[in-house]
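Both complexes shown next keep chain A, but they swap its partner, so chain B is in the first and chain C is in the second.
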Partner chain A sequence: MSEAGNVTKQVDAAREQAAMMPPVDVVEDPTGITLFADLPGVPKDKLDLHVEGDSLTIEGEVSVDMPEGMEASYVEVSLPRYRRVFTLSKELDPSKVTAELAQGVLKLRIPKAAHAQPRRIEIRAG
Partner chain B sequence: MFGSLFPRDVLAELDRLQREVQTAFDLSPSIRGLGRGGFPALNVGSTPQSIEVYGFAPGLDPATLEVNLDKGVLSIAGERKPELPRPDAKTAIHINERFSGRFRRVITLPDDADPDGVSAQYRDGLIHIRVKRRQEAQPRRINIQ
Partner chain C sequence: MRLEDLKQGFTSLWDSVSEGWQRLRQSAAGALIRFMPGEGSNLPAKAEVDDDFYLPSHGWALLGGDVFEDERRLVVRVEVPGMKKDEIKIEVLDDALVVSGEKRFERESSEGRYRVLQCAYGSFRRVIPLPARVLPDQANARYADGVLKIELPKAFPGKPQGHTIQVS
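Presenting the complex of A and B:
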């Protein structure tokens, strides 16, 4: 009995945290990585970006002005939250991440650490 | 569907699969085909006074958005330009899931939608279209004499 209760509780917690996965584009150039994420309906103050260890989390809450007493009649976007987690690699410098949010598109720039900037390796003829 | 022409991400693929399974179980699809998974994603709500349409269309210039209401059919059309650089020797595109290109989505509104009472606004990448219902169709209490 108590076991079933625990399971229900876990399911409830999972549902509370349920989020949509925003589509992203990721491009790498010699000096860093640029990430674009589609977060329509997320205002600046509801966007949460954090780096913990080597994982980068993008989280945003959709804020929609709905008239009182509105009933949904057709729904494609069913959750009010976006979340996506990426694992950074060690040549990236998470302390220098810059972010812009414009009309629901997040643009993140993660530069590579100075020591990881490209260098041409000379091959010496032996 | 969400521009996943170059599938790289397993989770994104699972997400797409789930959407397709949902579509397959929808036993009475609209005559305008499989709407789900299109761009922009739409939510529709209604109140006694209005019909509220929400389009999740991030990163557009509102001036290029076309919203039309014709004979009870509402259409949202536009174009989203690709932001990605052309891949060359120095850049690599690792994930490409976001939609780009021309889009058009069409929905049928209820009969009492008022073509003169439409307003639309675009904020945070969300299009919100409000269509008022006609006055004569508003619920009224009928007095019994």
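Presenting the complex of A and C:
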């Protein structure tokens, strides 16, 4: 799996809607990939995961719900959107992606396609 | 998948101009926090991680903080993802709020190979200056979606104070 790095695509995306790239951890084991991403402030209903071909997009909108009438005295978080796009290698099976979101941390599990998984070959005694 | 593909893609978190500026602003403002793993933190050694930027000794993360106010109270919002709520410590000083804790690293499986390790783990401490005096005993805090929201009633209710400074 690799990061989508096409420059023109990114300039267009930046123009549409500026977003921050969340930091990620990617672990690979023989049966698939586990990805963790820090998306603080993104509730489940504002998290969007979609796969198009071999491209996986993680997008989330931060909900800053403050009561009415509050003045911002000091604000650091002013770009309330996260986006990161990944290119999935052919070994992975995107249709079997599972995701969990807890306390702002997204955990995605993308298994390798059956044909790419390690297989033990039975050796029959002849 | 090829290691070269992964390395190519993950070299930078700052891929768009606007994002680069946002990160610079946040880090200049005080959101850039150092995370120091402790003795038993269990982080992988450098040789076990394919991420060139990874350092087991310490990490960095942007823990964004906002302070909102109205006449009766201050509301502070701090981004601290991936914690358990009873592992976050909040202290109220005269003119600042201190949020500290330890973000634990949990190894997924013993067989996995870390390709990218950008999230920060370990002990951290973030100080947020408060623009008004507050009553700490009446403060309350909530932790949801990885964001800590702390409400602090003002000791002297009133409109947000501004101070004009003469330039001589």
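Keep this in mind: the second predicted complex is superposed on the first by the 102 of 126 C-alpha atoms of A that agree within 3 Å, B and C clash if a C-alpha of one lies under 4 Å from a C-alpha of the other, contacts with A are read in each partner's own complex, and residues count from 1 in each chain.
We adopt the following convention: contacts are C-beta pairs under 8 Å (C-beta built on N, C-alpha and C of every residue); 3 or more make two chains touch, one makes a residue touch a chain.
Quick caveat: nothing in here was measured; it's all calculated off a predicted structure.
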| item | value |
| --- | --- |
| Combined model on chain A where chain B meets chain C, clash or fit | clash |
| Touching partner for A:19 - first (chain B), second (chain C), both, neither | second |
| Touched partner set for A:121, first chain B, second chain C, both or neither | neither |
| Touched partner set for A:29, first chain B, second chain C, both or neither | both |
| First (chain B), second (chain C), both or neither touched by A:91 | second |
| Touching partner for A:43 - first (chain B), second (chain C), both, neither | both |
| Chain touching more of chain A, residue-wise (chain B, chain C) | C |
| Touching partner for A:79 - first (chain B), second (chain C), both, neither | second |
| Contact residues of chain A, present in both the chain B and the chain C interface | 21, 23-30, 36, 38-43, 63-64, 66-67, 69-77, 103-105 |
| Residues on chain B engaged by chain A in the complex (per definition of touch) | 2-4, 11-12, 15, 35-36, 40-50, 52, 54, 56-60, 83-85, 90-99, 107, 122, 124-126, 128 |
| Chain C-touching residues of chain A, taken from the complex the two chains share | 1-5, 10-11, 13-14, 18-21, 23-30, 34, 36-43, 63-64, 66-67, 69-79, 86-87, 89, 91-92, 103-105 |
| Complex interface listing, chain C residues touching chain A | 1-2, 5-6, 8-10, 13-19, 22-23, 25-26, 29-31, 61, 64-70, 74-75, 77, 79-84, 108-109, 111-120, 128-129, 131, 143-147, 160 |
| Chain A to chain B touching residues, read off their complex | 21, 23-30, 33, 36, 38-43, 62-77, 102-105 |
